[in-house]
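Next come two complexes built around subunit A: one with subunit B, the other with subunit C.
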Partner chain A sequence: MSKPLLIKLLLLVIVFAVVPLALEGFGKGYYYQIATLAFVFMLLAASLHLVTGVAGLLHLGHASLYGVGAYVAALLGSKYGIGFTIGLPLAGLGAAFVAFLVALPTMRLMSIYFAVATLGIGQMLFLVFQNWVGLTNGPNGVMLFDGIDLFGVAINSELGIYYVVAAVSAVSILILNRLSHSYYGNALRSLREDDQCTAAMGINVTVMKIQAFVISAFFAGIAGALWAYTTGYISPNDFNFSQSILILTMVVVGGLGSLPGVLIGALLLILLPEVLRYFGDIRNIIVGLLMFGAILFLPKGLFGEVNALNFARRLLGSAWSEDNSEKGIGWK
Partner chain B sequence: MTAILELDSLTRVFGGLKAVDNVSTKVSEGELCGLIGPNGAGKTTLFNLISGFTPPSSGDVRFKGESITGLPVHKIAHKGMSRTFQNLRVFPNMTVFDNISVGALGMIGVSPFSSIWGGKAKAKEISERSWEMLEKVGLTAHADDLAANLSYGKRKYLEIARALAMNPDLLILDEPAAGMNDSETAELAQFITDLNKTGLTIMLVEHDMGLVMGICQRLVVLASGQKIADDVPSKVRQDPAVLEAYLGGDD
Partner chain C sequence: MKFSRRTLLALTVASVMLPAASQAADSIKIGYQLPLTGNTAQYGQNFKDAAEIALAKFNASGQIDVPVEIIYEDSRSDAKEGVTIARKFVDDDEIVGVLGDFTSTVSMAAAQVYKRSGMVQLSQTASHPDFAKISKWQFRNITTQNQEGAVNAQWMIDQGITKVAVIAEQTDWGQSVVKGFVDPFKELGGEVVYTEFFNRGLADFRSIITKIEEQKPEAVYTGFFYEDGAQFLKQVAQLNADIPVYSTSAAYNDKLIELAGEAAEGLKLTATFLPTRTDANVTEFVSEWKKGHDNAPGQFPAQAYDAVNIMLAAVAKAYPDVTRESLRDAVAATKDFPGVTGNTSFDENGEPLKELTKATVTGGVFVEVK
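Now for the complex of A and B:
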């Protein structure tokens, strides 16, 4: 069996057999919650990775787009009885639509100004969640009593819900993997490196930036719907600035531009506080110190971009193996 | 010979300074044309006007008989114009191969949908063209290295390869020999001449007089934004206005 196939099978077995078996073994809802949270944040980190890691746009309001998805799913479900099957894609599209509206005026801004603009967008949306009581129920949040249904079939068991969350996240991350490990990804990376020069290569820089921002928001919206449906209750504070910073930290600690890196970063920042629960409140300090150490000693991230791209090309088989180089360096 | 590029009374004013002042000239298909002039003569500004980086204050740029004045940079690139930069602008944190691929993919086209599903034929085309350019500049051994880790001279060739991957009809080189020693410059001169012999029209800004005198078929000389000469190198060399601009007059 070829190496890429072996690695992909291994990942599939871990996500769809080993982890659920272990969770069933523990037999507690608490572990299932953590697993769901881990998937939601891996998807959030992977989607922010496309904008901030690959395209190089510092985005400080990602959690607010995650919130738009969560509110779309929760409100459609609780007010209009629209279930998971339709609510999930609509949550993605809703977040993408909001992102498109804000992207139009902001995409011409450079670096730090763009970051401040996204900060403003994040705060603005947070205030909408918090204060537009008629729509969002304000600080009281939204309860979503409907469980997950797939095309009319209700999924009730914790294991079933795990599989839905894992499958939706896995497919989303696979799509983000194709986007960042392909020539489209190369085009986004060139924006990050030198966008004027990229324009001289015949690439419409503004359109590319808007695409990356909107696609990223779509998957943040999907993550939001997963969150709303699995917890059954959302409130504005789930989507505030500190959540945006948490997602950004996952991306930076994992490795800017490195998809496997940000997945590791997300897992680490979700699981570490749980693993360290034994230490009580000191655990937050330990997590902080570990993050600080990671950035100090591994400034390119736990799994830096160069290694991650090599990994994707050679070990995930994202590159031509039959190209002239015989080394497999051109993207499939 | 038909003109591929025509500049018609091109002027660019920055504040009170006329960086480019009423410059008209033509570049014929297949020509290797040099643009020279003392520091601050407006050479790079003129290149930026041609490639769309800076809009002209007045005047017109026609490319293949069609006005391209005011078009955005990426659209001009799609018409078949490709350029390099004076201060070397490769993508430092991308591999040599990936750098070149950006030149190819801009022209061949990529979209998010085609990269998720069904874009294999395009990806193959981009891979093959990039590899071909890599071979052309002799950087195959470095395909997998980060551009930032290449030597200065090799980065110059990388930038040219990236521009060539766009498969242009007109290649604009902004000071390709800057920072190179004599033997490197001679090698580059040969490379540019060979490219031109394949039928590619090249416009070249250069400080190195030896290089432009040796390889260009025609020279346009700028001084203080104005065109002061436009002729074959042997004539330009003896032009009193050029000598004065470069040497500061007879006295």
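Now for the complex of A and C:
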């Protein structure tokens, strides 16, 4: 048995046997909640990883696509009685569809312009959630009364919900892993390193970007559906800019371009504030300091393949670059 | 086996100490989820201060034999955190009831947990129209906009005002402000000539004010908090728009007068709490509050103070058999509770029924209108 396979098997055993056993042992809803939240955010971080880590596009509006998925699932469930089994894939497709629409005019943009465009997309979708009262119920949010059902079987127990969330997240992350470690993933990586060179090799850069953006949105939408169904109530504030930044931070702290790193980054940023709850008001400062230290001493993140500082430098163009020989695309 | 005198002594001491020790451990625990950090932290900190005053007073009163303890958890006004805290509170078998959260959206998300697990939740501020309807476990100590809107509508009609423009912030609360006012106002024969929502923190109200003026209403009804309110009033004054402004208890805050200055003169609003009142409980709360603060308490800390007191009174009523169920029933049975925000009862939905006070700004202070 090869080593990577062994690690994967070990991870599966941990996710589907060790953790649930431990959770059952504690018998606390609190730990289940944190586990669920951790899976949702690991999936979100993994989906952003495809766009930002692998394809090297700074995406500042990921939470809004997560929101589209959550709204699709919650509205289908509460208004049209379409349950989890069908709502889950539809949430992914809905988010992917919205991402496709907004991607068409924006994906030709480069570097910092792309980042600003995604920032705009995030704000735009947030304002839609907030102000299109007729569809989204506006700031009142959407309450979802039904729990998770799988093909007509209601899943009510904490353990059952855990397994559903864990299975959906694990399969999604596995697909994202396969994608980022394939020829396709390598093409995206070449895009990250030098898009002009990639285009010169005959790869259609714009199409690649749109694909990565839409696939990533699909999985963000899935995460949104998981959040909607496990919480039972969503409102626009769950998907604002600070959530986008939180997801981006997970990717950067974990390591740009490395999926295991990104997953660990997500775990850290969900678990750390909870572990530090004991410290009261200063816990956010501690988290901030840790993040600051991480980027200062581990600029590649925990497991990254790209140096985050170089990434930012290249993205912001040569205006910010000390190395004048490097060709910048942004501000000059 | 050596059974020395010292061991015996220790045992005796222990046996004497034991009841006291177990009594201390038997304190009744209440959870309070509120934003202590993040961009709504100023509200949460005030709630905590108000709760501490109420709790110290209750524990000193000796109404029940055991002390009550409040466990504060910081939700940062983030739904993720709110739900996690709710699960944490529910897990702790010693916690029998919960106060909070601050914003409606976090309260609503946490409410799903309390509904499933059966824990009474009393929010001092959640104003979402559906909050108290979620289940029999949700209560709130903030007047609904249906109540405030109706009083304001009647007030305007009494003043001979029949043409009104309505503006409110684009939040769940702002929506309920408009609905709560427009329906009764139309029933009383009034006409709403203009309705507009604005996003919180809007810096420039001039275009809205100009549009309001075009419609020539006799008054404006507004749903805003004091920050936006001060901005709006200043700009109304700058544009010389001579039009009476009516508002809700959310605008009731000394900071509004501080920020708007002269422009706040003549603002009319409904309120449940006036620190200038001379009722014994109000003066007591205000003097306790001023020990730790420079300003008199606003409406929100007062609501938190009452919410905590209502919860504590329910604990005393249910004592000695304080369970999550018995506490819920005791809260639901609250009738004419004499709080600083007026007498409070809960209807069958967990909505508070309060008397509202009409107030206006005269000479830089809020004055009750009889």
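In this text, the second predicted complex is superposed on the first by the 303 of 332 C-alpha atoms of A that agree within 3 Å, B and C clash if a C-alpha of one lies under 4 Å from a C-alpha of the other, contacts with A are read in each partner's own complex, and residues count from 1 in each chain.
Everything below uses one rule, namely that contacts are C-beta pairs under 8 Å (C-beta built on N, C-alpha and C of every residue); 3 or more make two chains touch, one makes a residue touch a chain.
All values reported here derive from a predicted model rather than from experimental measurement.
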item	value
Partner chain in contact with A:Asn284 - subunit B first, subunit C second, else both or neither	second
Which superposed partner A:Tyr233 touches (first subunit B, second subunit C, both, neither)	second
Partner chain(s) touched by A:Asn131 [first = subunit B, second = subunit C, both, neither]	second
Which superposed partner A:Leu101 touches (first subunit B, second subunit C, both, neither)	neither
Touching partner for A:Asn140 - first (subunit B), second (subunit C), both, neither	second
Most subunit A residues touched (candidates subunit B, subunit C)	B
Partner chain(s) touched by A:Tyr30 [first = subunit B, second = subunit C, both, neither]	second
Subunit B versus subunit C as contact partner of A:Asp194, first or second or both or neither	first
First, second, both or neither for A:Val275, with subunit B first and subunit C second	neither
Subunit B versus subunit C as contact partner of A:Leu9, first or second or both or neither	neither
Contact residues common to both interfaces of subunit A (with subunit B and with subunit C)	none
Sites on subunit C touched by subunit A in the complex	36-38, 73-74, 76-81, 83-84, 87-88, 90-91, 103, 105, 108-109, 111-113, 117, 128-130, 134, 170-175, 197, 199
Touch list for subunit B against partner subunit A, complex	51, 53, 72-74, 77-78, 82-83, 85, 89, 91-95, 97-98, 101-103, 105-107, 110-112, 114-117, 119-120, 122-124, 126-128, 130-131, 140, 143-144, 146, 162, 166
Residue ranges of subunit A in contact with subunit B within the complex	175, 178-179, 182-187, 189-190, 192-194, 196-205, 211, 215, 257, 305-306, 309, 320, 323-325, 327, 329-332
List of subunit A residues in touch with subunit C within their complex	28-30, 32-34, 37, 130-131, 133, 138-141, 143, 231-235, 237-238, 273-274, 277, 280-281, 283-284
